[in-house]
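We call the chains A, B, C and D, going by the order they appear; numbering starts again at 1 in every chain.
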Amino acid sequence: MTGPQFKQLRRAYGFDEVAIVPGDVTINPELVELGLEIGPHRFAIPFVASAMDAVVDPNFAIEMHRAGGLAVLNLEGVWTRYDDPGTILQEVAAASRDEATAILQNAYQAPIRDDLIARRIKEIKAGGAVAAVSTTPMNTKKMAGLVQDSGADILVVQSTVTTARHESTSLEGLRFEKLFKDIHIPVVVGNTVGFNATLEVMRTGVAGVLVGVGPGAACTSREVLGIGVPQVTATIDCAAARDHHFRETGRYVPIITDGGIRTGGDVCKCIVSGADAVMMGSPFAQTTEAPGRGYHWGMATPHANLPRGTRVAVGVNTTVQKLLYGPTSRTDGTENLVGALKTAMGMCGAHNVREFQQAEMVIAPAIKTEGKIYQFAQSGS
Amino acid sequence: MTGPQFKQLRRAYGFDEVAIVPGDVTINPELVELGLEIGPHRFAIPFVASAMDAVVDPNFAIEMHRAGGLAVLNLEGVWTRYDDPGTILQEVAAASRDEATAILQNAYQAPIRDDLIARRIKEIKAGGAVAAVSTTPMNTKKMAGLVQDSGADILVVQSTVTTARHESTSLEGLRFEKLFKDIHIPVVVGNTVGFNATLEVMRTGVAGVLVGVGPGAACTSREVLGIGVPQVTATIDCAAARDHHFRETGRYVPIITDGGIRTGGDVCKCIVSGADAVMMGSPFAQTTEAPGRGYHWGMATPHANLPRGTRVAVGVNTTVQKLLYGPTSRTDGTENLVGALKTAMGMCGAHNVREFQQAEMVIAPAIKTEGKIYQFAQSGS
Amino acid sequence: MTGPQFKQLRRAYGFDEVAIVPGDVTINPELVELGLEIGPHRFAIPFVASAMDAVVDPNFAIEMHRAGGLAVLNLEGVWTRYDDPGTILQEVAAASRDEATAILQNAYQAPIRDDLIARRIKEIKAGGAVAAVSTTPMNTKKMAGLVQDSGADILVVQSTVTTARHESTSLEGLRFEKLFKDIHIPVVVGNTVGFNATLEVMRTGVAGVLVGVGPGAACTSREVLGIGVPQVTATIDCAAARDHHFRETGRYVPIITDGGIRTGGDVCKCIVSGADAVMMGSPFAQTTEAPGRGYHWGMATPHANLPRGTRVAVGVNTTVQKLLYGPTSRTDGTENLVGALKTAMGMCGAHNVREFQQAEMVIAPAIKTEGKIYQFAQSGS
Amino acid sequence: MTGPQFKQLRRAYGFDEVAIVPGDVTINPELVELGLEIGPHRFAIPFVASAMDAVVDPNFAIEMHRAGGLAVLNLEGVWTRYDDPGTILQEVAAASRDEATAILQNAYQAPIRDDLIARRIKEIKAGGAVAAVSTTPMNTKKMAGLVQDSGADILVVQSTVTTARHESTSLEGLRFEKLFKDIHIPVVVGNTVGFNATLEVMRTGVAGVLVGVGPGAACTSREVLGIGVPQVTATIDCAAARDHHFRETGRYVPIITDGGIRTGGDVCKCIVSGADAVMMGSPFAQTTEAPGRGYHWGMATPHANLPRGTRVAVGVNTTVQKLLYGPTSRTDGTENLVGALKTAMGMCGAHNVREFQQAEMVIAPAIKTEGKIYQFAQSGS
């Protein structure tokens, strides 16, 4: 007879609960190198724009490429359901807060068209950019051939939670090992959290993994499902899987932290947690180049029966260039994210992303109440 | 001479402090099975409506049965004190916030009538539903025979804290072992928290245990008495008792977490903490089927000398059907609770409640301050 | 060469961070016994009113005695500086918030009069009450003889922090061992926190110890000095000292937790932390019997150079009788504190204070944000 | 094959999360001694005013000297760029909150003039004060000779993070060992956090170390860069380095905690964490002697591309004398900081700063929500 067995809970941490410790050596920011590699593609900066309809359209993808980063186009959103989604986007932006979800649910009832899939990919390629496009696991088998044939460079297979082993009622669920017999462009898969789940996905041969379940500004999975892992811990766990997989196989599969990143400080904390890059929605949705007219929403928001996200009003208040490279007069960390990353790396003596992943981080909750009291004192003109 | 002895305190956790981690395997929600068994009765979904006067009347019990769940009628409330409690319920709903407690204290001075006990049970049975009714331990010996003879299917013996060993001034306190010589319908007992207290109750032969002291929305036991255990820890401890009892005896006694559950996320966290089912008051009080006219209150609120609960205004804004099954456009987790539970189970690869109890959960406090800052940004039309 | 030595910090807990766990046995509240002994004096309930000018005057002391508890009169406040402090109390109550501290600083410049010390003690005795009066350590040698000769029953020697070993520039600092050669009435000393400091005070022969530095509602020691220990930990540590001292000497010296207690829940948590009684200011200041006209302040507030407390507006909204014994329609724990204590003890199966000290307590932070969200929902008429 | 390696995070603490425990012995405050030594200079009190343009000008430095402390003049701010910075300071004070950062960025474009460096130092010396002046590491080699020749007594080399080993593109980065061949006045270096970084700086021969990255009221490094260590932990770690270095070399290098200190309580917590002195900006900016006209800002605020601080409105509401020595009617700890320090040391039985460093401190989060609820109750008249 064994004694009582109590379930054990591990503590997990998010951005607002940690802070980076400066290094014993410092270096000038101009000595810092930021490159990211996904399969054969190399990007100057480790910033990826989310596959969200209000963030990335073909034009945005081209702008993001020019800025040195990568944008992913959602192949199951309004850009492949409508010739010109402008009317829909305007309707969403004009909706009252109470109507917004219902309008989104309705807009996503229109069918996805193969011709628009091909057209959007070609529009991105015509702009000279790396064409990265996303599908959900459910539609990947059906769409992957068309995506590859249309000239896409990177396929992103993304849902709230994606695993290497999915059970469905149909006998023909998605198996990545099978997919890779037909599809020869790099495939990035997500989202995952957890050491085992990430390791299993990596072993199927993916070119990258998106990390994060629950923390995005437009996501309400924690309220609706109770599911979610704060990003610092999620990234630490998945980085451990990446390093373990590298030691096992010699193959380095980058991980991209996705969700909840708003400031330069958040970006830096992702990398120090072990990320190779960051994927962001909200910040890019605020640029003049984004199609969302100052709003954005997660891809689980239009779900017909159980929406798990909200339309978020973010405003239009910056450009891709200023967001990434400044200069800025903002002091809250919401512009010049690349400059912030280089400065922080300099303070930690990190020459590149791999070295910055080794920096020390402490648990140091932001005392927000304190901040509010102080902000009150500051409010005089 | 021994050294100084300091009292030790264990950390306990509530819903807002934890989050569920997705599994290494995922399954389609349609593969998920949700059944609950209490004695010989089987329910399609593990949802139980609280024995609160503003939540359950005979009609509500019938509706809940049709929806696949179970509702418990309070035999010591207005439904057994008044032929037609409509006037009383209207008076409570119309009272100002300051008067409400005093009006409730007064309303519960009317005597409990045996004829109404029998009538209410028969009304539920006439609707084809499983008739579950509740008494307090103090009145159980007196009422149990009548309850059984009137055709009730399940007896719930419930007070804020119920133990297998209660000392009172009378020589004839309730002893469950004795009760079970006369009463042969399944008896569910609560509320308990703690491994030992739950194990002792299970060993008396009960058919189920209600878990939770202090956390309900209409309960102020923590302010008044300082007593209460957050629901995640309470459920973990009692689930350990259930599993220990099962290993000892081979008899599986389901535990039902009761109190403080408001969203699909909360429901999921109960099950992952080890619950077999959830009991809810506030969410059901908001349905058109509930008798409370948009208000509800705990059964300790009418206490004449030391009320330990408040009348809570919840509004009338959904139906039993929508609350449980959707569809919904709400994104805050307050509708389609069954859909949320199935979706979350799918993300954790759980085919049934017993498997979902094994999912991983982390301590991950909700950063509410953060949320509020963001909500402000969202407030634009 | 030893390695680096980092200062270690221990976690301390306050009322809002803990909750009491019900017991494995429950008993009826009428079986609960609440007596407190200080020296030869026995009190029906373990409630002591603070030696604060807005709380205790001779009349209040008499009322408190009738109610079964004890009140302490401050011998260095307005009651021994003015024949009729009514004018002063009225001035304090009428002052704007900004002026209040300066008015208090001024009011306490008047000299303490020996004739008033004697008169106040005699007034209390004339009412048939136990006369407990307080002095600061600095004035104790000078006043103690007069206090004893005037017929006082209990002397309380109290300052923010009192130790058995105090160094001062004068060669004749207070030594309790010396004091006890001349003074033969029971002496209660405070305030202390910490195992060692409390043990040392107990070894001098005191009849009771007041526990708590920093947590009172009218106290700002934490802001001004950085000094303070949350009450749950302070009480646990001092209770360990009491028990250690008892094992050493066979002499049981009760400890009285003083500061920050507002609700029945707080009272219960003090006892479960190990206290033998509670001392309260704010709650008693709200009674019609208190002289403060709805305000009160700590005895460090009038300090001429470095005030460490504020005048707090509490209102007049109850009586000593209702505060202690109810009945009440309040559901927030601020009335019927004795009823709450008995009910909680019943739920923990405790027959008396000593047994209740053994109850289990968990760390369970109050989620206030959550509470506020809900309160908003409740605000409808 | 090793198992998975997860990054470990250590918990760090700030002022609002700790409280000081009174001692087993208490002493009268007049027995307390507060002296601070930096190189050959001795100061009566361990208070240093920050090298911020809105805080210290030559006149302020002279006043601070008279008050027994030390002020540091920033040699790269407006005082060395403008003959009369009055116009600029007025412009900053008059700016709207949105314009302030841009105006500061512009104001700091004017070149630093050697003649003004010399003049400011001579102005301080003419007032009879110890002349302490600051440069950034980047400009130190260029300026140090002039500083010494102009008669400065102490050179402070300060940037957000300063290490003994800095890599830059130029071959001639600052090396402190080299600097000390030419510069023979004491050099204080900062800021550092962390045991190793501080130890390395101490081993170069500096006369003092400034401790703290991120916590200042005018600093937003945590938002922008994610970098920062709460001050209690930062000070504990650096104090451990100081003590280690002392055991290694017999040389005692004082550490000065810099950033986020607002109250007497904060000052005391710095010392108990191990500091020898405190450096403050915000509190001194509020004095009539400060040049900032009720505003102040960090020296990273004017950064052209990536400002990491804000202009903070603090008001003008005290004097250097009252701030340090009182008397005061404020009860929030913002005046009479020396009095508060002496009182707290008395309560901990500490005769001097070195003894106070040994006091016990507990982790005791300030329950702000609680405080706010109470403040509401206090708001009457």
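Following the convention adopted for this analysis, a contact is a pair of C-beta atoms (placed from the backbone, for glycine too) under 8 Å apart; a residue touches a chain by one contact, two chains touch by 3 or more.
As the structure is a computational prediction, the values presented were derived from the model and not from experiment.
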Set of chains whose contacts include both chain C and chain B: none
Classification of the chain A:chain B interface as same or different, half of numbers criterion: different
Superposing rotation of chain A relative to chain D, computed on C-alpha atoms, to nearest 5°: 90
Centre-to-centre distance between chain D and chain C (centres being mean Cα positions), rounded to whole Å: 39
Distance between chain centroids, defined by C-alpha means - chain A, chain C (Å): 55
Numbers and ranges of chain B residues touching at least 2 other chains: 13, 369
Pairs of chains found to touch, sorted by chain label: A-B, A-D, B-C, C-D
List of chain C residues in touch with chain B within their complex: 13, 15, 18-28, 30-31, 195, 232, 236-237, 239-241, 243-244, 247-248, 263-269, 272-274, 326-333, 336, 339-340, 343-344, 347-349, 360-364, 366-367, 369-370, 374, 377-381
Interfacial residue positions of chain A with respect to chain B in the complex: 1-7, 9-14, 16-17, 94-97, 101-102, 105, 160-163, 165-169, 192-194, 196-197, 200, 213-214, 217, 220, 222-230, 233, 294, 301, 304-315, 368-369
